[in-house]
Amino acid sequence: MQQTYRLVIDCPDQVGLVASVAQFLADHGATIVEASHHTDLQTKRFFMRHEIGASSIKLDYASFVNEFAPIANEYQMQWSLNDSNHKRRVALLGSVESHCLVDLLHRWHTGELHCDIPCIIANHPQMEQFAKWYDVPFHWVDFKTLGKDRAFEQIATLLSDYNVDLTVLARFMQILPDWLCQTINGKAINIHHSFLPSFAGARPYQQAYDRGVKLIGATCHYVTQDLDEGPIIEQSVKRISHSDSAADMVRKGKDCEVTALAHGVRYHLEDRVIIHRNKTVVFA
Amino acid sequence: MQQTYRLVIDCPDQVGLVASVAQFLADHGATIVEASHHTDLQTKRFFMRHEIGASSIKLDYASFVNEFAPIANEYQMQWSLNDSNHKRRVALLGSVESHCLVDLLHRWHTGELHCDIPCIIANHPQMEQFAKWYDVPFHWVDFKTLGKDRAFEQIATLLSDYNVDLTVLARFMQILPDWLCQTINGKAINIHHSFLPSFAGARPYQQAYDRGVKLIGATCHYVTQDLDEGPIIEQSVKRISHSDSAADMVRKGKDCEVTALAHGVRYHLEDRVIIHRNKTVVFA
Amino acid sequence: MQQTYRLVIDCPDQVGLVASVAQFLADHGATIVEASHHTDLQTKRFFMRHEIGASSIKLDYASFVNEFAPIANEYQMQWSLNDSNHKRRVALLGSVESHCLVDLLHRWHTGELHCDIPCIIANHPQMEQFAKWYDVPFHWVDFKTLGKDRAFEQIATLLSDYNVDLTVLARFMQILPDWLCQTINGKAINIHHSFLPSFAGARPYQQAYDRGVKLIGATCHYVTQDLDEGPIIEQSVKRISHSDSAADMVRKGKDCEVTALAHGVRYHLEDRVIIHRNKTVVFA
Amino acid sequence: MQQTYRLVIDCPDQVGLVASVAQFLADHGATIVEASHHTDLQTKRFFMRHEIGASSIKLDYASFVNEFAPIANEYQMQWSLNDSNHKRRVALLGSVESHCLVDLLHRWHTGELHCDIPCIIANHPQMEQFAKWYDVPFHWVDFKTLGKDRAFEQIATLLSDYNVDLTVLARFMQILPDWLCQTINGKAINIHHSFLPSFAGARPYQQAYDRGVKLIGATCHYVTQDLDEGPIIEQSVKRISHSDSAADMVRKGKDCEVTALAHGVRYHLEDRVIIHRNKTVVFA
């Protein structure tokens, strides 16, 4: 995989903005591998992502940051520059359902997800076997013994000790406390097993069964203090019928969960997602 | 199209039931064009639909009904027998959006929807042109002049005068009063422009835009007194992204509405739908 | 709908290119409503589409073209600038199947397709009724009486007389001769009733039925001299099963045809499609 | 999971057939968990699958078979009765791509696929690690050293020694010789990485990239002597665009392959598939 720099910009829309950025890139010989733009016409906000061939540009990472800073200031940009060779550190949080966790581990193992996975944390011990297979440290945080407060403190300590950049709730069945949501705001992704906003909260497949919907789904979103209300990154649905039992719906839903979460995590790791208020721009 | 009888049965699940029905059909030489079964294992309820070649069976419609009645009684069946040659009378209710109405008219015109359309009723005059093209009587019920109560009385009178079997709300933007919902219970189909239960009520596309979902949809359901809460027949979704404005979502959503409604109406006309509590069995 | 200019560029990829275009636009105060880029990394070709608020730019159409020409020359661009207020002239070619034709007419009638439809041409008389409803001149070109050669000459004359910009084959069941394909190269769109390259040629639904596929589809593509081999703009599929007869497949396929063609035509009319060799870039 | 008997019938369509089977089941007190019928109106062939609660029926497996035989003979049935508690023995054949193999192993591990997996066989050694994790015997058959003929003889011996009921080619990249196809006819399932019949043969993603299709897919089918021509069980597709490189298509395609194969294998293991000429009836 070619090394690239990913320049992601979020700023008020202004005439001259693209020209300034493009001129900067051209002046340093940058080859553009991929470029995406979006203007939110309601909020007059501009979003841009460039993926730049690292070997083409006559600047190292630090110089790039330094030299680009004046332009960023002029246009009041929120911005980031990421080196594709720099791997983010991703912690997986699990419970007893293995499908999402094992899927992410396999995509990481085969290189589809370009990151490090320094640890797996779970409130039940069952996921340890998969952690061992993939040679990832496993931490069982026993909620029953510790109580919720101490258990979440322990999780927070682990995330901090491992220098985690992204926390993925891979069917982690505990509701995070507000203080932890704040700490990892914008850096935690959850998979909810319904097409939100339908069937938020507990037992969504049973809710879907009771309502008699003809489609079930899954929603990958950023974690916020408002349960199942965070910015949505990706959704996936499947057709069902009267002949599907609640158990069938669970089975079909798992396939939705796996793909929606895998997409969402990859988009995040490739700097394709920008959170804007309670929504996302996803340059997929 | 081959003439068929459609025998639809809904009864408590019992051993011997299928054998009795099958023996009855065999005794009269019936050729089965299509057969569908479903057992709801939770409620122990059994559902069955047979489509029988009319020329194969040595019974006319009235004799069939008479001779089958004892079996139906024995097994406490709710049942119906419909002759495919008998066309149901379908009234279309519209407002100002033409896409669903015109689509249904065209499918009717080409024979895909096997029914009569004796009238189009609308609370605005714009749909008259399409009614004229398809040579269907048009009735503008002016809600502003009449007021809601008298307007709905007028609609009810029209439905009664035209001997309407099925009322289709093809983006009819008025909420039906409870008394009318009761009158046409199980005989009125609505299209709601969201994947229910998400975004019930007014302006669903704006709601979807504000929430930042990545899929929009439409839901075809039976009308009940609880707004947007009736049994769902069919749902359809489409993928959207941050680059879709609320107007784009309306455009994409229309394609969902058109197909979900067309399917739902066809299923109903072909006796493929059985309402069971607040859900449907759809032998699609 | 806001008036916009659509600047579409197709040229060899070069450093400085985007900066030059962006600077030109900024110098004239252009507000960018939508911007899309694509680099074909294999062929080193660059594609760009800008949709510019017409009221923001301090240039009229003719001056824009004049002043942009030097940049275009410098970078060896194939390019176009289109005013959204300028409606293209679209001829519809039909036979006996009305679903695609009527759908396009309705989308045009409601303003979803922003174009003029100066004429409908068909090799059978049945479509005349729809032409009348929408008040579009209808020409029946009788292939049986005229013979193929004279019939196509007559069609070519009609297209020329009506100053047609785009010819849409809305289930037109005649194979165009090479000379006509050449004449309208890049300006004629066909709908084929299969997911190409599967089931090219005649009776695709029967072919699909015989092969026992579990998905059927439709393909919208530019017409070229190689039958069903032109650049694909859009494809649509639907799930089928063993219980679908060939007739069911035709019915389901029609919904695919209608949406694939409607999308393809809209993309073309909004200058969202660039043909590159035998493929398309579609800035949807 | 409730123990069931699965009675699957394939015979000429005749009046009285369903009544006879239903009467037999009723006479022995059978509760029907699931029942599916299909009549092929072209070939006048009838297909039926019953899933019967084992505890409800007053017959053990052997007696059921004995007592049903006369009915089967009378109606010239090809039929089978399978006990859901009897696990089929499934061999997985792999090469170097792990996604399908690991997915099947995980679904087996979690009980979604109800079978035994006695061995994994591969023409490369890389899959051994996954075999070890799941504690399944692994056999590397070295095609380079052995040559094709002896390699396939060795595979055939392994399949025989392990008493394999179903052979799954989970991205096994060798073409099976005719004699082996015949041996395992109807008992071998392959996943092809295109929506057949498009892009049969080698490098389907490159073929798809070159043709510029807007959808890619995967096809799960029974293996026959005609490469990629066997009866199709399941197909899956995903939308792509000009911005997807051949590598992106490979990544997206893998998700199609995984789900199509998992569905196909499950349908087979649950006796939901009947092969009829070169097509399948799938009671999904």
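By letter and in written order, the chains are A, B, C and D; residue numbering begins at 1 in each of them.
By our rule, contacts are C-beta pairs under 8 Å (C-beta built on N, C-alpha and C of every residue); 3 or more make two chains touch, one makes a residue touch a chain.
The model shown is predicted, which means the values in this text are computed figures rather than measured ones.
Pairs A-D and A-C differ in how many C-beta pairs touch across them, and the larger number is found at A-C. The distance from the centre of chain C to the centre of chain D, each centre being the mean of the chain's C-alpha atoms, comes to 41 Å.
Between chain A and chain C the centroid-to-centroid distance comes to 37 Å (mean Cα coordinates, whole Å). In chain A, the positions touching at least two other chains are 34, 41, 243. If you draw each protein chain as a dot and join the dots that touch, every dot ends up joined to every other dot. In the complex of the two chains, the chain C residues touching chain B come out as 34, 98-99, 102, 106, 110, 112, 133, 243, 251, 255, 259. Residues 13, 15-19, 21-23, 25-26, 29-37, 39, 41, 56, 239 of chain B touch chain D in their complex. Put simply, chain D touches chain C in their complex at residues 38, 40-41, 195-199, 211-215, 217, 231-235, 237, 241-243, 245, 278-282, 284.
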